[in-house]
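Naming follows writing order (A, B, C and D), and every chain is counted from residue 1.
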Amino acid sequence: MIENDFDRRDFLKVLGWGGTAVALSGCGYTSIEDGKETVTSYVTLPSYVVPGISNYFNSTCAQCEAGCNIMVRVREGRALKSEGNAASPINRGKMCGLGQAGIQAHYNPDRVQTPLLNGKAVSWDQALKEIEGKLNGVKGDEVAFITGTMSGHAQALLGNYMDALGSKNHFSYEAVSPAVARAANKKAYGVAMPRFRIDKAKVVVSFGADFLGAWVSPVYFSQAYAQFRKGNRPEGRGVLVQIEPKMTLTGANADRWLGIRPGTEGIFALGLINALGAAGVKVPADIAAAAKDYNPERVGTDTGVAFDQINKLAALLKERTPSLVLAGTAAEGYAYGSQNAMAIAMLNHVLGNVGKTVEAPASVPFPQLAPTVGSRSALTALNAGLAAGKYKVVFSYGANPVYSAPAAMKFKDNFGKAGFKVAFAQYLDETAKAADLVLPLDSAMEEWATVVPEYMPAPYEGHAENYAQVSLRQPVMEKLYPNKEGSGTRSVGDILLALLKQRKPEAYKGFDDFYAYLRSAVLEKKTVFGAAAKDDNDIFWNDTVGKGIVALNGVTAKLAGRASASELALPAPAAPDAAYPLRLIPSVSASMRDGRNANEPWLQESPDPLTTIVWDSWVEIHPKTAAKLGIVEGDIVDVSSKSGSIKAQAYLFPGIHPDAVSVPVGYGHEAMGRYANGTGANVFAMLDPVFDKETGELALNETAVKISKTGARVIIVKEEGPIGGSQAGRKKIAVKVSAGKVDLTKEV
Amino acid sequence: MLALYNNFDEAEKVVSELRSADIKGFNADDDLTVKSPIEHPEVEEFLGDKPVKVQWFTLVGAVMGGLLAFFLISGSQASFYSQMKGGKPIVPIPPNMVLTYEMFILGGVYITVLGFLICAGLPARRSPLYSAKVSEDQIGILVKADESAAATLKGIFAKHKALEIQEEAGR
Amino acid sequence: MTKDIREDIAWAQINQDVMKSLENPRKLYWVILFAALMVFSVGIGCEIYQYIEGMGVANMNNPHMWGLYIATFIFWIGMSHSGTLLSAILHLMHADWRKPIYRFAEAMTTFSLMTAGLFVAVHLGRVWQIYYALPYPSERWVWPNFQSPLLWDAMAIFTYLSSSVIFLYIGSIPDFAIARDNIHPGWRKKLYSILALGWEGTDRQWRNFRVTYLTVACFLIPLAVSVHSIVASDFAMSQQPGWHVTSFPPYFVAGALYSGCAAIITLFIILRYVFKFEEYMTLPILKKTVRLTFAIAMVWTYLNCIEFASVWYSHDQVAKDVLIQKATGPYAPFWWAMIFCGSVVPFVMMFKRFQTNIPVMFAVSLLLNLGMWLERWMIVAPTYSHGYYPWTWDHDQWPSLIQWGIVFGSFGWFTLLFMVFCKIVPSVSMYEVKEMVYHRSQATKKKQLGIEGAH
Amino acid sequence: MSVSNLLENWSKFRHTHPVEDKGHPDWEAYPSGLKTDIKWAMAIDLDACTGCNACSVACYAENNLPVVGKEKYAHGQEMHWMRIERYWGEENGEFKAEQGAQFLPMMCQHCEAAPCETVCPVGATNHTEDGLNSQIYNRCIGSRYCSANCPFKVRYFNWYNYPEQEESWPAPMHLQLNPDLTVRTKGVMEKCTFCKQRTYVARNNARNEEREVADGEVQTACQQACPTGAISFGNLHDPSSKVAKQWAQQGVDIIKEVQDKDKEREKMEHEGKEPEKMVRGYRILEELRPYPSVMYLERVREESAV
């Protein structure tokens, strides 16, 4: 034994509360704080490590932006499984498949393990020196930083770094994000992301909001949905109506799924307002004026939904209040996306839901920690700058624009024009491949971070109405690729801190690493974080890390008055282009999302819920359209737009409008890892560069395509059998009952 | 003394004559053996009724086999490996009967064959008085008697046109 | 009517003719042996690959848990029944025309059982743990599950195989004695001396022999019936649609006899040609065998119809679906081929002029065997692809080349065993042919005497 | 083996009904004499199930299920103990999407009278004292008869040596494997265990503390993950457990092959009366009499209002 003189208290210091580091071998412990290694025998284990007994460490999921609080099971120093943190108001002990797969991001065999300069391994010192050198003499305007959604102290450090560089070019980019809806919400309710109380609504009408699958905070909404469906709640069992051209997971769970013509969601909403007015619901004058031309007959023709259906829905909404109307990804992905979202938001006003099921959200009292939510317009802006050759140094973190930018934007070429490109990356993905310097990142199981979710959950179990939270992420095990001889991975916080030290060595010299910075930053504001000023710092910190959640008294935004609806006008859908008669809907699945997790094999192997297809892309085609084109299941079809084309297997899918075809995003990586590479086709690349007229967001659903058979045919690899979703007339397999026939009020 | 005949009728006459003749040291029941290339039920008829005991082996073997099976199976189910399966009794009678039946037959066959070997005295050393012709197409009559009766026997054999007479003296 | 066998054939001639089949093989023999060896080697190669990689290389899956292995297993078990039929049943019925052909039929029983036994091993996912299925007192007192039809199966096959071997051996003892007496000195002479156990044909030996042979024959008949009904239980005892059929045991037994008889015709023709046994394996015997086969074919067809009818008439929609799927689904070509080969082709045997037409009968017997093999496959596969649970239906499964290779290899193995057997054991029972000739000539004599007496 | 032992046990074990068997007489008897009586069971609310696959992935994480890759998946050799089935409404042979799709999580139903158990030649699958259908990997010889006889086809066979295959757990992914249970070699059958490793921890804890296992003390991995809480799991013999309450309320009795409520409904329909409001519990393929331990609650959809 080399050193065995540390006592229990030292141990706690070394390992951090919640135990960060039990080495894989069980023998070597590395201090997070000082990097000093201590060899100790397994005989003298830390008190909380009992062989055979698991420890659970609270942390925060990094698989999507929802920021669920998780609890990672660790045994003998190995992280085994992510489970939900039961105390979390966001996920309440639950987890989605995507989140579960986070452990595979951690243990992924394709992680980058050492800094790479032009593809060659270099040490961290060299890498950082290289950045310093390249930044020498570069003006702040010539530096750009593209990230995904960021929040917490890393985001604060990034802000400081950009300030230190004198740059304002931080682009927060998400390929799939509700950016248009945020803008419309801001206009309609005064806030970008109100609380949607699905659990309180009697009827939810969702215009393509896949809140059970991939929209905003799916696990949170799933809980709310479960509440909503309970027959024993005071409001009774809720009714879900989903209006969208391509069935999402939420659509699959709706009582009524209306397959609307793509792009006519706003028309439908106005038609519904009109019908509600006709049914005697009081409609504000400006809205009524905007909606007056949209009589059910016209709406029926435009949207392809029978007008008695619209009247029926209006009757239901009138009868059952409060209701909730949601505008989701599908509704906003058009050139008129903002108008669509606005029209849909107006429905909530008409139905009197604002203040009842659309609530004012609370936010954390630290604006610098609040998330910088991603948008697609950020990419457009960055791309314009790159095309103009404006940037000499570009940093990329948490985004993969080379993969997800439409080919028509020529992003890859433009990216190449930047002088020096630095990618912070866990995988050698497309963007990292295109970068000059790759900095390997820690996994979410290895890093310290704070996370502020964009969608703040409603209070839960005795929380105050202005509940807001900051989540903590802590290392749950020793780094898989420790920092030895300059190699290994680092957390984004550590890298930013190191970069900041290059710029402002004085201001940050007190912080050995990001952990120290984080700790002191939290402790500095500990009274806001719920501690009394006299509380012992160590105890407070350990308690906070142990919980993984800091409950705060948030700042409640006000629902401001809505903007006038007078400008609301939605043209009738344009006649289809003869050359490209179909509309392409890039679908976002619950597990694959925008493709950043494509290298996690559990996600590739778990079937898409609706088509049950695994390990590949597919093209969803309505059986009628397919029959017209002579396409049968498994035909490899060529889907081409003006901007590109892909080849994928055809899948006949009843849940899609006959004028639309749908291809999932997230597949078809050229570079990332063994599981993602070459699996399926990348539909982002073929999107037409059509943008929302108000926000400038890329309109995801505006791509017109044509479909042709290539002649090849495959047997689709999927979970369902040859008879698809049929029960073959068997009575007692998946049984459905009409709501009127069962008594749900007393169910356990 | 072994005499070979190629005709069954002749052999039968020889046997009946031997029986009727009073030869010293010769007992028709014990000392007369007929060797034939095929199975002649008639031989048994004219040799007189000799009991065959193989069936007793069969009975014992079959019963033992059946009992062994049943108790081995039920015993192991009840005593050693009492596992619930498929909501059936731990010792289910109907399925056990199947194996009992198989073992009944197995025991029957094995012990019958054992009985055969014992009763037929097999495997045995071949007696020196043997001719390959017996396995081809001739019938041999083997007689054991005092040496003094040799001439008498030869006479009887020769009378019925024995093809060959082998003789072994003493023992 | 022509006679089953010439009555004036000399007994010594019989010995000579049959013993000749044990002498130096003809060139054709070596060709067949080599071909069989090659086919068997392919099977062995496939099995080794499957052993190393796992069962997945056979392209079985969930729900297709059993593939051609089990189908071919049943096929071989079925094939084994003809030997028992010919030797035991016809023996008890004193049908003496069986005598020239029963020996090779019994050998066929033994070898097809040995082949079937191979499939038990080939089919297992962990063949190296096969001894777990034996009821041996392990230190933890863990026993096999005596409720499992598979275990009954194993036990029945073991019983049947050992009894058949014993039966074959006991019946061959007098012939071993003949071989011992006639063969030129050498290792084979020693071998036959041992095998003959000192048989001399004494009245005591014959007496006990007769009783034993009869007793074992009596045992073999119910045993043979039980073996294939137990194989049927593998399916009938399960709960799956298309398997859970009460008529399966008799259906299987009939099918077994059917395929066995067809195989006898095939081998009859081959042996007759290869070993020049025209004197013994005469056309009248072939004719009798063919007629017997036709009768069994009709029994099988009847039972087949009964099965379909009872399924069709029942309210069991699930079983009905399986039947419909057999007739119309992806297995339809095979299913209809089975109906054709099993129920239509045998009608050729109705015609007298074909009954003794060797090429036609050879072709027919091969088709019947193909039909019976298809039958087994059509029992196993469609139920898997179309079971109780529609979600797991899988109509696309096709056995891999590995699976086919092992199936073909089994035919090589069988042929190999049979060819070796033909050179070691007299494939025509000499002593019984002599008995047959003797009894026939006695009867003729008596008849003549009777006719003369009437004058 | 003594004769008295034989006879005694013989009489003791001649139960004929699945649920009457409470296992080995001295099973889980505490020193104080308290006997626990456990029958694990599940209830899955299809109305709450959204088909999101979280349970299935959680099962992969908890139970060391190998990822087989596209090629083997294409051959139907996937290893998901829990699969989500997606059904469509049908009209005139065409799929209808107007009422969405219908999802059904399907895993081993832990039948009380399991068809798989009786047919295993080596007794590798048995019924445990706590009402589970267990699979003994060490004992399995891979005859696959159990799967042949499983009406639900929820048993998964190790067609390849997955633990040693590169695609299953390439380093360092093997570090994720749950040490509480093993990985399975080729030629072995496996299936859902109701997270036996978790139930055993709870049982041991209860035993050490001389008490019954409390409701909610054990969560299966799928139940724990399920975002809508559609799955509940617990001891059916504990009347205070949620599962027992659900089963009782939904009129599903584990020992019956036809539930009284179904008889009643049939009778009313026969008499031409409109059945009154019914509860919605049912078991799949109940009519085959395997007595499954998983009760499903019918999916409810508003049909008249929209």
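Just so it is clear, a residue touches a chain if its C-beta (ideal position, glycine included) is under 8 Å from a C-beta of that chain, and two chains touch if they have at least 3 such contacts.
Values in this document were obtained by computation on a predicted structure and should not be read as measured data.
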{"item": "Central chain of the complex, centres being mean CA coordinates", "value": "D"}
{"item": "Leader among chain pairs (count of C-beta contacts)", "value": "A-D"}
{"item": "Whole-Å gap between the CA centroids of chain A and chain C", "value": "66"}
{"item": "Inter-centroid spacing, chain C versus chain B (mean Cα positions, whole Å)", "value": "30"}
{"item": "Averaged-CA centre spacing for the pair chain D and chain B, given as whole angstrom", "value": "62"}
{"item": "Length of the line joining the C-alpha centres of chain C and chain D, rounded to whole Å", "value": "43"}
{"item": "Multi-chain contact sites of chain D, meaning residues that touch two or more partners", "value": "78, 83, 85, 104, 115, 118-120, 123, 285"}
{"item": "For chain B, residues that touch 2 or more chains besides their own", "value": "76-77, 79-81, 85-86, 88, 95"}
{"item": "Where chain A touches two or more other chains at once, by residue number", "value": "715, 720, 726-727, 733"}
{"item": "Pairwise chain contacts under the document criterion", "value": "A-C, A-D, B-C, B-D, C-D"}
{"item": "Complex interface listing, chain D residues touching chain A", "value": "46-48, 50-54, 56-58, 60-62, 67-70, 73-74, 78, 80, 83-90, 94-104, 167, 170-173, 175-179, 221, 224-230, 242, 245-246, 249, 275, 277-280, 282, 284-287, 296, 298-306"}
{"item": "For the chain C and chain B complex, residues of the former touching the latter", "value": "10-12, 15, 135, 141-143, 145-147, 151-152, 155-156, 158-159, 162-163, 166-167, 170, 173-174, 177-178, 180-182, 197-212, 215-216, 219-220, 222-223, 226, 230, 233, 431-432, 434-435, 438"}
{"item": "For the chain B and chain C complex, residues of the former touching the latter", "value": "8, 33-41, 43-44, 47, 50, 52, 54-55, 58, 72-73, 76-77, 79-81, 85-86, 88, 92, 95-96, 98-99, 101-103, 105-106, 108-110, 112-113, 115-117, 119-127, 130, 132, 134-137, 140, 142"}
{"item": "Residue ranges of chain A in contact with chain D within the complex", "value": "24, 75-76, 78-84, 91, 93-101, 103-104, 107-109, 212-213, 218-219, 222-223, 225-226, 229, 231, 237, 239, 241-242, 247, 249-259, 309, 312-313, 316, 480, 590-591, 601-607, 609-610, 612, 614-616, 623, 654-655, 674, 679, 715, 717, 719-720, 724-727, 732-744, 746-748"}
{"item": "Footprint of chain D on chain C - complex, ascending", "value": "53-56, 59-66, 123-127, 129-130, 132-133, 142-145, 147-151, 154, 234, 237-240, 384, 387-389, 391-392, 394, 397"}
